[in-house]
Structure formats: structure tokens, C-alpha cells
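Chain naming follows the written order as A, B, C, D, E and F, and within any one chain the residues start at number 1.
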Amino acid sequence: MKKVEAIIKPFKLDEVKEALSEAGITGMTISEVKGFGRQKGHTELYRGAEYVVDFIPKIKVEVVVPDSLVEKAIETIMESARTGKIGDGKIFVSPVEEAVRIRTGERGEGAL
Amino acid sequence: MKKVEAIIKPFKLDEVKEALSEAGITGMTISEVKGFGRQKGHTELYRGAEYVVDFIPKIKVEVVVPDSLVEKAIETIMESARTGKIGDGKIFVSPVEEAVRIRTGERGEGAL
Amino acid sequence: MKKVEAIIKPFKLDEVKEALSEAGITGMTISEVKGFGRQKGHTELYRGAEYVVDFIPKIKVEVVVPDSLVEKAIETIMESARTGKIGDGKIFVSPVEEAVRIRTGERGEGAL
Amino acid sequence: MEKLLRVIFFSLLPATALAGETKGLNTGDTAWMLAATAMVMLMTPAGLALFYGGMSRSKNILNTIGMSFLAYCLASVVWVLWGYTLSFGHDVGEVIGGLEKLFLKGITPETLSGTIPELLFVAFQGTFAAIAVAIASGSVIERLKFSTWLIFVVLWITFVYAPVAHWVWGGGFLAHDGALDFAGGTVVHINSGIAGLVMAILLGKRRHYGKKAFFPSSVVLTVLGAALLWFGWFGFNGGSALSANGSAATAFLITNVAASVAAISWMATEWMFLKKPTLLGAASGAVSGLVAITPAAGYVNVLGAFLIGLVAGVLGWFGVFVLKKKLGYDDSLDAFGVHGLNGIWGAIATGIFAVKSVGGTPGVLEGNLPLLWVQTKAVLITVVFSAVMSGVVYGIASLLTGGARVPEDVEIEGLDSAVHGERGFNL
Amino acid sequence: MEKLLRVIFFSLLPATALAGETKGLNTGDTAWMLAATAMVMLMTPAGLALFYGGMSRSKNILNTIGMSFLAYCLASVVWVLWGYTLSFGHDVGEVIGGLEKLFLKGITPETLSGTIPELLFVAFQGTFAAIAVAIASGSVIERLKFSTWLIFVVLWITFVYAPVAHWVWGGGFLAHDGALDFAGGTVVHINSGIAGLVMAILLGKRRHYGKKAFFPSSVVLTVLGAALLWFGWFGFNGGSALSANGSAATAFLITNVAASVAAISWMATEWMFLKKPTLLGAASGAVSGLVAITPAAGYVNVLGAFLIGLVAGVLGWFGVFVLKKKLGYDDSLDAFGVHGLNGIWGAIATGIFAVKSVGGTPGVLEGNLPLLWVQTKAVLITVVFSAVMSGVVYGIASLLTGGARVPEDVEIEGLDSAVHGERGFNL
Amino acid sequence: MEKLLRVIFFSLLPATALAGETKGLNTGDTAWMLAATAMVMLMTPAGLALFYGGMSRSKNILNTIGMSFLAYCLASVVWVLWGYTLSFGHDVGEVIGGLEKLFLKGITPETLSGTIPELLFVAFQGTFAAIAVAIASGSVIERLKFSTWLIFVVLWITFVYAPVAHWVWGGGFLAHDGALDFAGGTVVHINSGIAGLVMAILLGKRRHYGKKAFFPSSVVLTVLGAALLWFGWFGFNGGSALSANGSAATAFLITNVAASVAAISWMATEWMFLKKPTLLGAASGAVSGLVAITPAAGYVNVLGAFLIGLVAGVLGWFGVFVLKKKLGYDDSLDAFGVHGLNGIWGAIATGIFAVKSVGGTPGVLEGNLPLLWVQTKAVLITVVFSAVMSGVVYGIASLLTGGARVPEDVEIEGLDSAVHGERGFNL
């Protein structure tokens, strides 16, 4: 199993979620994160002082999938999250050794 | 070392935390996430329009433990987080190659 | 590639970010987490009842770096995040097998 | 001496008994109108701002609040410059006021209007103009350009609000017709509700409207806004007696009854049909009742208020949950569904439930059938005039700002950050 | 002529000098009572709603606010239907008012009550009934069924509030006894505090009460609520003079002093014992002082107000931090600890500190020892009556709704989402 | 008999015509002053608390609110104890009031001050003292010790506010000079703005000031605070007529115009220079206009108000965005930039724009050049006195609490949690 972790633009979340569902990946966990990268934050003015807000709101999508589905997951996310502009985000793939479904105790790919 | 990552129901957090402490696992990091899976979100009505809220609030608990404690951690979480209803969540185990305690610079299992 | 994940004190974020930038690591993702460890939370009083707040606000910094930069990243974070007091946090290193830049489709270290 | 005594004597009687009597300043009436004016003021930059702001998405809350806040500021200025004289200057052909009071020329602290200083009357009426235009903003939030809105406010007060106010209160033809509008059901609520609807249609729907959930940033703030509106409405309706007398007291009590009943009836309707009684519903219901009772406040009794409120809550719910869905426009915060519909209902209901012993005019139930037609005519004229003129004025504002709608990326990012460079909350 | 002049003359004098004198409408008194009534209204759907809502957990904030909001709506309706006549109709056996004013029958805009329109008096008194019942909700939030609450409100106003109001203000036996209650310490605060306590005991504790931290959703909103309550309390106490006179002025100033001192004394107590002066403490202290001064507002001088406030802050703190813990009930937002206890303290203190030159009645310190017994008796009777009847009324409401408590999963999920399908904030 | 009639007759005329006339209590005037006092009260623990609290970082919002809330409580107590008599006791050498009214000795409910009860006048003036000191807190938030603040409040009211209030309103030398200050531009706004500036300089900057972004916890709350301030300001300025008359009406209307124009002019300035019209700017602009019009409210006409407001918005913006940056002090929420600067501008502008037919005194534009000097002198004396004395009083408070600044770790953690053990929001 692998964990496919994508950092995407917040307003793309719905599209990504739907694309993944259509691709048969029905479980996922998301969280609100902030990103720092090539895409530059905006400037905020407050009471006469100017500040650059470096960190840009992003959504992290995590899906754990069987090895066989990794490429599909990557492609699906790429297609649905892309706008073509800087800041579209990254996908990282890392190994997962075990998965457990808390409710039933099932282990391995069956737990996903 | 392994990272044991559990996605659980928010109101189970206290139980899980206490169970882990009793099992001798005294360090952990938690974050608020949203999950999408078998458990269906509820319907919200707002000004005449009906919307399904897909994403359900969950808590992610992360503990990095020595290999020897992995099974214990899994079982402890399973027991304390289970309600038996859909949406109880998952546990994922993945490899960690190094751990460092920032304060002292200690490395490896001693840093946990 | 490796993911270097650091749990740090919130008010150290700016220093860590700047130190990493200077070290040539220009992409990172951060999130708000809560930690439980040696550092004890404070006591809150509310309407006559006393509660210990166990979980302490922390920031999780995630950087995915080529293998060659792992040590540098660890050291940079250690130096910039240390206060020498309990609760300074941890750094965990774990393997990442693939990275993809969503915008261009680039893969591997070039995507970072 | 005799005459002097008579004046003194009468000025101590309930003011209703004295309509048309020439008299000096009455400190009691003035005290009430000072308080009432302050209460009505609070309705726009606080009450409506929160009521609407709490219903907008959090990325647009400040822009939504800003529309009310700036509407209040601009309207206040336009009002003393030329709005007041257009509405309350000497009558010109029963259509509009003359220009002799431009910039309040000739009005000194001593000038009276009835038993209160005219400057106070100016201030009181100015708060009505402000809230009228601010209400319309509810139909177009989250996508209208801020600059377009500011221009619209100025034009609308001038070309839409001022004439209608003149017709009803400034000696215009509707007043001569005998149309009853105690505190501005026609002038304020129908007028603004229609303006909102027209703009909502011309401007088009928000992106993803009807597809994605648009969650209100804070129902807590919306309820607080509704409570402040309710508070201010005592000044709005009670103050429209222009005196601290039995008429003001009636309007006060009756306003409270109608609002309470309507809050309950909206919530009950929801509970029946959708199984969840919402606070958003209770707050919207209260506002529906307040709108509906506005034209009737000095003319009906408690029973009338009860029935008007009962219908208002259900009607508001119907406007928002049924009609809007059916007709498919995006009247975002239901300026039309709540204010427009209930303004119309209130105007008609005033004709039905008016009681001679309360306000001097009998209604349909007391045998005065013609009143219904008078009221209906006033409604129709206002609807048509407001629809046409609001459209024209909106068109001009749109032209002057190169289109009325924000670019799509601004709409996605949210107007708070894109237009104002701010966020509502950094908690 | 002579008589006419006398009437005119007297109506210009301080109204206190004229008690019992027949006279016409006074616009000044009416102006003040209109403003005061609006101010008291604001206390329930805004002041108390935020004060309580801010203290509830964020998953229950809307339900908590809704309890106050709907209590206001229902009480307003019940009041004009039958509550007013039960309280202020002609006296029946010193126990309850007659039914001749059902639905305000026979009251026209011209009917006066003293120097103000009776309809205004109705509205003013209605806001008191509303806040009384809303206060009790503080004891039972986060677990009482919404439907049970709505029924309880209707029954409680009818069977508990109306009788007590009649006893004290409507010509009932407590009034004849000479019990002093300027603005409702007994009628409103003891009554509701006891009702809250009884319900809290019958309903049981919240899940995990005392074990887990229940953090207030927003102390900011609680402080804002306290400030709005304070503002409204000027109408509550100052308006209870029913006239814009020296008595109203006394009540106003004295209310402000007691609230200020009590806020300071609560915070100081906390600071001493717990090392942290909290804003929640300052806000609760202010409310404690406001409650305690309520019965005394027209009877004591500044020194008395100072001492009443000083004790009130400490007593409130004691009720919340010591007594509640000791006795082990879950009076969630301390309706009893703050309103009940301080209502009792205020009633007793009125007997002690009353000053003849202020309100016409000397207190214990001026040698009038019997007053202490009169006050104590009034307290005891109210406590017993309210405890028994509130319990009965709660039982009926519980029966009618199949149990008063929400199911456990609703309590865990939070009432906002489970009952209302809403969230307080989506930021 | 003749005399009696004259009294009756005159008491029904606009009160301005009656200055100096001995007369009884006027219920209309009393009604207005009761309402006005309540409105001014709301300004401090609600209006200013939110206006400031919303601008502080979320980790300090409760402490910031607490500074206003406790300032109100302490000031209220100090005022009735010794503040009032120091300001309004019999004049001692044109410098300070005598001590004969310590603890309001000798003032009964019947005692009048003009046409209203003196106790009401006491309450009204007390709210001014409270807001004056609370305003100064804006300069020092997020780093001043809470204990230092509480002591500062007590000392400042006693040694800084009371004397200046006496000079201007209590029969002191500035009044004799003929300096015009209708509602407290000098006494309240210059005084507190300078006090804030002096403290900001003595206390030093916040950690990371100018380097890191300090985001306002909630611009929504700031705007709500500004709206509540605006509402209260009608009581502040309108109430300063001490009567429900034409002067109050003028002050009311003119206040509204100046605030509206200033909100627009601040926002327009921002829009021009920085491309973003912010809500924070609109709110700050409104407050700037309200400050600037305060001394002028009873003396200028609508045109004057318009110009005063226009400049006020730009000046406030300049103070905050240009001057503060240039001079490098950390006047955190711009008590000086907004209140100090605009207080000065308002005092000067009153001299320029005063109109004889409005307030009885002609200004520079009507040929009365000397008034400019009288006004300037009053400003200079207040600035110097306030600067020196505020510094001294701050020094004493600092000494008594072992330094005025919180330890660095408290500043980093945030004062809410470190000092009060609370958080503003748990959503």
C-alpha cells in the first residue's frame, strides 16, 4: 500500500474528490494546511504597515491505496487539480506497511 | 521506528489518549482533519436549498513508536476508538527512518 | 527523497521558515497540530471547575527534500527551532518514493 | 391669554388629538424622536450589517457588511445635500419635492416640524433612506462590484427613493389618494425588495449557486443582527408617530407582537416541512413580521398584528424556500423574498385590518372596501416604478464602472481579500 | 380654570411629588418609557442570548441563543393574550388578576396607565416576563429538549410568573404587606433563579460534567452580552419609575454603581483566590450587581448601592465557585448562582439599606426593623411557590414531549447540528 | 399667577431660549438625558471594547476588551466617590472643584441640575470620564500590565480628567476664556489621545512591531464596535445639550453627517493611495469624524460638519498611515492618531466654522478671529497638561506594580491566556 498525499488549491477540492470517487477511490482524509513555495503570497496592509503573507492556504488530500492504484490516483489528482498556474501543488507517494479498520479489525488492503 | 497514524471519531480522542498513556506511549501529535468514506455526511438545509455535507470531522492521531511497540499501539487504539459503527476510522503504519529531539539533539528511539 | 517532518513551537515558525529558505529549501507545507508529551499543558479554570489542558498548540512543518539535503534540513530546523526548554519538539524522517508537480507533471526530485 | 392657555393645555394632551394644530416644541416628543432616530440609525451599520453579514460566506462577510455600512454613510450625505428636499421640499405636481431646502438651506435649530425640531425630522427620515437602499444589497452580495454599489446607492436614493417618499409622506399623489403607510412598508420595503430582485436578475447567479453549499459565516451574528433590527424597529415604527403618544405606544406594542408571532410561525413551518427548526428561520421570521407590520403599525389592533405576523412568517418562508427555488433567480439573502413579499402583504393587510378606533381609518373588515383598492394601487405603482427605475439606475452604475460584476477569480477568492485586502476573522 | 391650571402646573413638577394624582398623558414620561421598553427588549434576544450563548460550548451556542430568542417571542405573545390580564387585571382575592383584559380587550391608544399609554405599560411589563423565563434557561442548556423548553415557557409565564407579578405589582398580597421590590428582584430574579435550579436538579447533569472541560464558545460574546444587559438594565430599573423623574434618575445612577462595584469585587475575589482575574468573572460580576440592585434601585442611596454591589460580586462568585461544586448540581450557566442568590440578597438588602429620603420608606439602618421580616417573607413565599410550581410545570412539559432530555447521541453531537441542523460559525 | 404662567409658558418653548432661567424638572429633557446616558454608557464596555478588541490579535482580544470594561467599572466608582465633586463641585480658584459633594453628599432625587435631576447629570458626566480613560488604552494594548492599567485608571480620572473637565465645564478658567467645547473634544479626546501617546512612548513598542504582521482578530467586531460607538455618540453629542431641544437636534444631525463624510473620506484616501478600500478604514474614518465633530456639534451648521468630517477622515488616515510610521512610536490602536489629532482638529475647526445662528457664537468665517486663538490656547494647555500629568500618573502606576510592562513570555504567549487564563474564542 502507498499513501498518496496531494497538496492542492482549496477551490479544487470538490473536483478532486469527485474525480477520485469516479476512479473508485472512496476513502480519503483531508486537512487544511498552508504552503510556501514558488507561488508568492499577497501583501496585506494593516494600519499603515505592509506585510507579505507568505503562507498560502492549501488543502492536503491523503489517500491510502493498494499499490495497483497508485498511478491511477496520481493521474486522477493531476488532471482534476491542475489549473496550469503556479501553486497548483505537489503529489508525494510514500510507503504504508499496514492498514487497519478500527471497526472490524480487518487488516491490509481489505481495510481500505 | 514506525509512525502509527489513526483517523478517529473526535469524541473518542480523550479515551484514545488515556489508553495510549497507560500503554506507556506518552508522546503524540494530533490534528483536525475531515474524512470521506463509507460513513455518509449529513444533509444541511440552508435558505431553501439542501446540501449534502460529505466531509465528516475526524481527528488524526500520530504517534511515532519503536518497532517493538507498534502492535501494542495498534491494539490500544483499536480498543479505545471502537464504537462498532461505520466511520470508526483507520490506522495506518508507515516507516520512519530517523527521529530527533530538537531540544537535545538526541537521535533514534531515544528521541521519542 | 525523504520527508522531513518537524513538530515545533508556534512562535518559532518564522525563524524556521527563514532558516530553511536560506538553506535553499524553498518549498514547505505547514499545519496547526496539537502535541502531547513531556511538556505539560496549563490549567484552566472555568466557572469554578479546574481542568488541565493537555494538548499544546504546535506547528508541523513538512518538507520533502532530496536525500542529499536531509541532514542539512535537520540541522537547520534544530538550530532555528531550539529554545532549550521542554517542548521544543521533534523531527521525523521518512521515505518518499515519488513526487509530482501537478502543474507540469514533472516527477522525482525535479518536482520539488 | 385664553389662547395661550389653550395651547398649553393641548400640548399636554395625547398628540393624536391635535393633528394639524400649530404648536411649539414639545420636549417629550423631541426626546422620543431623538432616541428613535438613534435606534433606527443602529439598524443599518449594525443590525442589517450583521444580519446580512452572518448569512454571507466567511470569505465575503466584510464586503457584505461594507455594503450596508457605506450605504448608510452615502445615504446620510446625499440626504442632507439633496435627498431631503426632493422628498420633503414643497410639492411639485404631486410627484417630487422642490429644491428650496438643498443642503438644508433655511433650516435652523429653531425651525420646527410639528412639535419637534425640523433638523431632527431630517435626521429621522435620513435613516429611512439609508436602510431602504441597504436592504436591497441583500440580493446581490458576493458578486457585485463595490464601486458599482456605491454609485447605485447615490443614484437610487435620488431617483427612486426620494420620489416614492414624496408620494407617500411628502404630500405627493399617493398621500392624496388616502393610501396608508404608517412607517414605510411601501416606501422602504416594497421599494427595496423590488430593487433587489431586479438587480439579482440582471446581475445573474453566483458561481456554483444551487450546486455547492454556501454556508452562512455565522448564524450567531445573524441572530444578533435580527435582534438589533428588532430593537431599532421600535424607533422605526414607534417613531413614525413623530410624537410620544398613544399612537407611538400602539405601534411599539403591535410591532413586537407581529415580530414574535412571525418568528414562531416561520420556525413552525420549517419544523413541519423540514423537521428542523432553525435559528436562521426564527431570525428571518422576526424580520418578516417586522416588515409586514410596518405599514400597519399605527392602524391595526393586537388581533390584526397577530394575524399579520402569522402570515408574514409563513409567507417569508414560502418566498425563500419555495418561490425562489421555483423561479430560479439568486436573490442571495432574500431582500425580495422577505422584504418585498412582506412589504406587499403588509400594505394589503393594512387595508384589511385597519381599525377606526386605533388609527382613525376603518379597513375592509370594518366595511371600508375601497381602502383595499387604494392600498393595492399604491403597491402596484411602487412595484412598477421601482422595478423600472431601479433597473435603469443599476444600468447606469454598471456602465460607469465597466460592468457590475466582479471578475470570476475575485468571486472565487472572495471579495474580502480580493477587494478589501482584509479577512473578517483571524482567530 | 383654577383646576385646569393646577393640572398643568403639577404635570410640570417632578412626578414623584404627584403619586396618585389623576393626570393626562405626559409626553416626557411616555418618551422615556418608550425608550426604556426598547432597552429592556434588547436584553433577551441580544443581551442574555449572547451572555449565555458565549458561555455554552460551540456545538450548542445556537440552541442556547434560541432558548432566549424563542422565549422572548413566546412570552410576548402569551403576554398580550392572557399574561397581562392575569398579572394586571382587577385583583381577584389578592392572588391573581381577572380576565377582563384577555387579548388586551378594551385598551385603546388613548387608555392611560398613570401618565403613559396603557399599551406602553403592557409592552414594558411584557419584556419583564420574557427575560424572567429566559434567565431560567441558563440552568438547563446543552441537554433540554427544545420542544420541552417551548412548552415550559408558555406554562411558566402563565402559572408561575403571572401570579407572582400580580402579588407584587398588580395589587396582590405582597404589595399590601409593604414588600419593596422596585424593579423585579423577587418577581424576575428569585423566581427565575429558583425555576432554573429546580429544573437543573430534575434534569440531571450534562454528560461528563465535572470531568471534562466545557470551554465557553466565546467569552468575547459573553462580555458583549453583559454590556448589552447592563445597557438594557437602565431601562429595566430606570423604567420601573414609570416616569422620567428623580426616581428614574436615582435608579439609573445606582444601578450603574452596583454593577461596577460588583464586577470589580468578583474579579478581585477571583484574583485573590485563583490568581487569574477573568473577563468571564467581570461580566458575571456586573450581572450579579445588576440583579442585586434591582429590587433596591428606587429605595437606597449611593452608599447602599456600593455595599449591595460589593457583596453581590463576592456572593455570585461564591455561588458559582463554591456552592455549586459543594452541592453538586449542574446549574450550567448559574441562573441560580447568579440570579437566584443575588435576587435574594437584593431583596434582603433593600430592607436593610432603604433610605426614607430616597424612596419614602426607611430601612433597618434607619430603625425600621419590621421591613426586614416583610422582605424575608416575600422572599420565602416566592422561593417556595416558584420551586413547587416550576417543578410541576416542568413535569407537564416533560410529559408532553416524552421526556425533557435530549437523547445521548444528540448531546454528544451537539444540539445545534442535531436539533437545528445548523452551526454557529463557519469561519 | 402671572409668574406661574410665564414659567409654564417658557418651559414649553425650545430650551435654548431659556438659558439661565430657573425652572423645575422637565420630563422631556429628563427622558432624553436618561436615554442619552444609557447610550453613552454603551460606548465603553461594548462599543470601544469591540472596536479595540477586534483590532488586537486574537491572543490579546480579551485583555484589550477587559481594559475598556474595567475602565468603565472603575471610572464609574471613582466618579461618584470623588470624581464628580472634583469636576463639578464649587469652583476653587478656577482650577478644580471643591469637595462638598464627596460621595454625592447632599444630592437627593429631587435635586435638579437645570431641568433634569442632578443625579442624572452625575451619571451622564460619569460616562464621559469612563470613555476618556478607556480610549487611552488603545495606545498600550498587548503589553501593558493589567494591574498597572487599573491603577492608572483611578489616578488618571482623579488627577488628569477631573481638572480638565472642571476647566471647561465646571466653571474653570477655560470656560471663562470663552473656549467652545460642546461635548468634550478637549476634555475627552485630546486629553485621552495625548495620554495614550505619552504611555505608548514610555512603554515602548510591542515585540516584533513593524516586522511581523499583527493581524486584527476580527474586523467584523471592529465594525460592530464602530457602529455602537456611532449610536452612543448621538447620546454623547446630542445629550450635551442637556435638553431635548433644537440644540440637541442640531448636534444629532451634524454628528451623523461628519461621521458619514469622514468614513467615506478615509476609505477614499486609502482607495487612492493603496488601492484597497478597507472596512477597518471606514470604521476608523467614522470614529475620526465623530471625534472631530464633538467640540463643534452645537456650534456649526451642516456645511461646517461636512468640511470637518472631510478633513477628519483624511487626517486620521494620515495620522495612522504616515505620521505614526514616520515618528516610529507604537500607538497600537491609534488613540493619538485618531482621537488626539482629530480632537485637535475639531477644537480648531469649531473656532473656524462656528455659526452665530446655530450656537450663539460666530467663528472665524463670520469674522470672529479671536476665537481661533481662544480655541488654540485651550488645545495647547490641554496638550501640555495632559502630557505631563499622564506621564507622572503612569510613572506612579508603573512603580506601584513593579514595572508597567508584562514579561516577554507573557507577551509571546498572549495576555488572554497568561494573565486571564482565558481565550476569546473556542470555536
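In the analysis below, a contact is a pair of C-beta atoms (placed from the backbone, for glycine too) under 8 Å apart; a residue touches a chain by one contact, two chains touch by 3 or more.
It should be emphasised that the depicted structure is a prediction, and the values quoted were computed from it without experimental measurement.
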Joint neighbours (chain E and chain F) are C, D
Scan C-F, B-D or A-D for the interface that duplicates C-E, counting it as a duplicate when over half of the contact pairs agree by residue number.
B-D
Any idea if chain A and chain B meet via the same residues, over half in common, or different ones?
different
If you average the Cα atoms of chain A and of chain C to get two centres, how far apart are those centres in Å?
18
Using Cα averages as centroids, what's the distance between chain B and chain E in whole Å?
47
What is the distance in Å between the mean C-alpha positions of chain B and chain F?
53
Mind pulling the residue numbers of chain B that touch at least two other chains?
31, 44-45, 94-95
Touching two or more other chains - residue numbers and ranges from chain F:
8, 26-29, 31-32, 35, 212, 215-216, 244, 276, 278, 280, 421-422, 424-425, 427
Touching pairs - complete list by chain label
A-B, A-C, A-D, A-F, B-C, B-D, B-E, C-E, C-F, D-E, D-F, E-F
Footprint of chain B on chain E - complex, ascending
212, 412, 417, 421-422
What does chain D use to touch chain B in their complex?
55, 210, 212-216, 274, 276, 278, 280, 320-322, 324-325, 334
Contact footprint of chain C on chain A as seen in their complex:
2, 6-8, 31-38, 54-55, 58, 60, 74, 77-78, 81-95
What residues on chain A touch chain B, complex-wise?
3, 17, 26-31, 64, 94-103, 105, 111-112
Considering only the defined contacts, which chain C positions touch chain F in the complex?
11, 14, 42-45
